[in-house]
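Got some structures for you, see below.
Each of the next two complexes has chain A plus one more chain, namely chain B in the first and chain C in the second.
So, the complex of A and B:
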């Protein structure tokens, strides 16, 4: 059990009118980049808050071998967090922010942080108030990457950023931070942008994990087939989990665990993108 | 490196491997040249490092690159010859039969194929 960074069994959390976690069960090994993906209100943020020990909940949860409910202080030495809501005070300057984190976090390397900020517009005297949203995230990322943590939790880290800042964000993370001893858990709605970065993916719906798979196993399990009009009945007999028609009489069907040889006889096949898989899995969520 | 589009057909690590092989065939990567680090490629192409490592591992298995301890991956001396050999075999096995079929269908003679200008004039 100790080789899992996060190990959750039967997590349960209900807010006043809504069940946010409903027997949520999953495990995250070290050295992975895991995407936690789900529609709004599916329980993503609640799951992350449980991992970080920010809320009470029921069920078994071990993060780096510790219970976040009772050992949060010890856990925080090895866990870092970037939320979609900026928490940096507006009056603080770059230099003050670095000084502050250096004062509160034993694993923070100020020199490293300065190095990450070289070549950016974030000069020491600049106040958060004077920064664009992208610059604030840039500062936040530099602060967090300079902490030698084992688990990094990112909740919608690139929300509201333009495409240049988004690309740069993940580029920095891969180049300057991630290695096989670190683990990253990230939630985002920009599925296409991160799908090749992920090593594993988890779909969460109504507080339950509905898909938990290594990215390179998706191609073995799922297939998308471009079916000709005359093969429709044969294709439907193999029970596609999703189907949508295209112009010129072709239909795209998505199969889960069907025999590749039989699918190939129906038409051109390919591995579906994460976004298509997500849409098919979450059908009827808001109905 | 420019932005890349990955196709949905083959696994990404294989597409990355093919890309490196294409660079070797084009002479962009020569024997003794260093490959960029896994980290650099991962960041630049926005891929997870495991995907990149897997592509590099296959290139090493094919003896096209070799690992030098603490330094990284280097193109082997025999890479060019090995690739030329395997590309020749692949051409003869996969592409040539189709070309040959087309030549026969069009009724072209060897003479015409070897010296197209003689019959059709300079372009």
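So, the complex of A and C:
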């Protein structure tokens, strides 16, 4: 048995008029925080649903050594997910939610959950329908973080939240949950907010993984250079994958695998942000 | 508790990855509890309201009767009972004194029957509650997407569907019967006051074991028959609930009704030897009305029942259990189980959220 938490080979899933997964292949080792990033409709959610055994698909997929299509019930003891904001049932109260999860999940620690809720406005009798979006996510996160799962899947967990809740969400996840035995897979459009917590990043486009790399290896492969107007032609000869103009005649160019020494001669270099890399990789997606 | 939390807090500080040891779970109990939390209004309060309102009507009728009685009494100066004039109102002790044993038995039967009617409203409401509960049971969670939360927990689709079916077939009827029994008691209390006003003995007249206990026992004994009889209906409604992308109510009604119309049409043309009335009675009515208590009346063996002995509970119980001898009940139950199995499969793979 491999020590991969997820290993997918040739996943294929077609909806009525669209191919969502097209030979998707990737592997996720244990103890990582992986960002699954792609434009709308690229197949992110479909990939996560496949991992969670929520949909039928073709191909080879093992999650914690199990096939999510046939062994979902056993798998869910070690896998947890937050699908989206506001999927908690609206009638449930804080106390009922804790009682229910404690009663059905063998690895749920109710004391831990209560500790996470200390200092929040979430009182035991409060119903989900009376909560703000941010409070619902607080509750959901507290429930999920009190579960000692091996794999946590987050699909747009902070969509529609204000920046205070968003920051708090990822901070709690890092401080109170993540350790070397846990693996987190997260999709989001707010790339800038999660890039500093990711250990790995995966870009997905039209159902295919187009980039799969550790965050610290990005700096070795990609470089961003601030090029002066007089060196534009020399820089373009090195085939940048993207360029954008700044005011005052400077141009930022993004290079993939170019010689660092030659780039340094062109101007100031730095490691590109994930957002810029994403934009460059996904060029022409909606064309 | 506090001390423990503090220690945990200290432990957590140096970020030791504390493993949570697996603890035992009580999935079925929590699943049933969850259904009750969500549907407390239908399962518990609706029968209470129905019973309460019917009690208020009973009370109003009694007060009106009382007022009417007193008016005639004061106008005529008395009421004629077996040639004896009773001044100042109706004297119930005299009534019971003058009755023959057969008449007394008839009176007891009549009182027992009218006591049982106190349960009619809670049980009628039960039918509606179960009908709409089943229709929403697997549809609402998809509509509000909370199914994604339930599915993030280690609870199988089979257990979830079973807990919902059990809520419809056993929990809701048991609660409605309990409320119905409470209504009978309240009804008897109201009648006792009426009887006392008229110098009757409510213990002899109303609180005989043949009345309350027999009626309550009968209601409880009927629950298993209800569960088996309602199984195809619950299965069908839950199947529609799991399958429909929208408007499960319309699908659940229209499919059997159109099938019935279709068959009736062929019947008219004499193309096939299909019995359309049989289909309407045994398939359409059972699928849609099976959740209503007493809808098995048509399948009952009524021979043991004697019209002159309406209070004979043993005979009535025998008649109710005679339904267990009909193939319709068992064929329906098997079909119900099959439809529940199909609902489990649909819930497992349905992907529209």
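Annotations for the structure displayed:
Rule of thumb we're sticking to: the second predicted complex is superposed on the first by the 285 of 287 C-alpha atoms of A that agree within 3 Å, B and C clash if a C-alpha of one lies under 4 Å from a C-alpha of the other, contacts with A are read in each partner's own complex, and residues count from 1 in each chain.
One rule holds in what follows: a residue touches a chain if its C-beta (ideal position, glycine included) is under 8 Å from a C-beta of that chain, and two chains touch if they have at least 3 such contacts.
Predicted model only: the values in this text are computed from it and were never measured.
Overlaying the two complexes via chain A leaves chain B and chain C side by side, clear of any clash. Residue contacts after overlaying the shared chain place A:77 against chain C, while chain B stays out of touching range. Of the two partners chain B and chain C, more chain A residues are in touch with C.
Shared-chain residue A:55: touches chain C; no touch with chain B. Using the contact criterion defined above for the overlaid structures, shared-chain residue A:33 touches chain B, although it does not reach chain C. In the superposed model, A:91 lies in contact with chain C only, and not with chain B.
Within the superposed three-chain model, A:206 lies out of touch with both chain B and chain C [touch as defined at top]. Judged by the touch definition given at the top, the superposed model places A:171 against chain B, while chain C stays out of reach.
Between chain B and chain C in the chain A overlay, the least Cα distance found is 6 Å. Across the two superposed structures, the residue set of chain A contacted by chain B and also by chain C is 179-180. Chain C meets chain A in the complex at residues 4-5, 8-9, 12, 15, 17, 19-20, 22-27, 29-31, 33-34, 37-38, 141, 144-146, 148-156, 348-349, 351.
Contact residues on chain A toward chain C in their complex (touch as defined above): 49, 52, 54-56, 72-73, 76-77, 80-84, 86-92, 96, 99-101, 103-109, 111-112, 114-115, 140, 144, 146-148, 176, 179-182. Every residue of chain A that touches chain B in the complex is listed here, in rising order: 33, 167, 170-172, 174-175, 178-180, 193-194, 196-199, 215-216, 219, 224, 270-273.
Listed in rising order, the residues of chain B touching chain A in the complex are 6, 8-9, 11-13, 39-40, 42-51.
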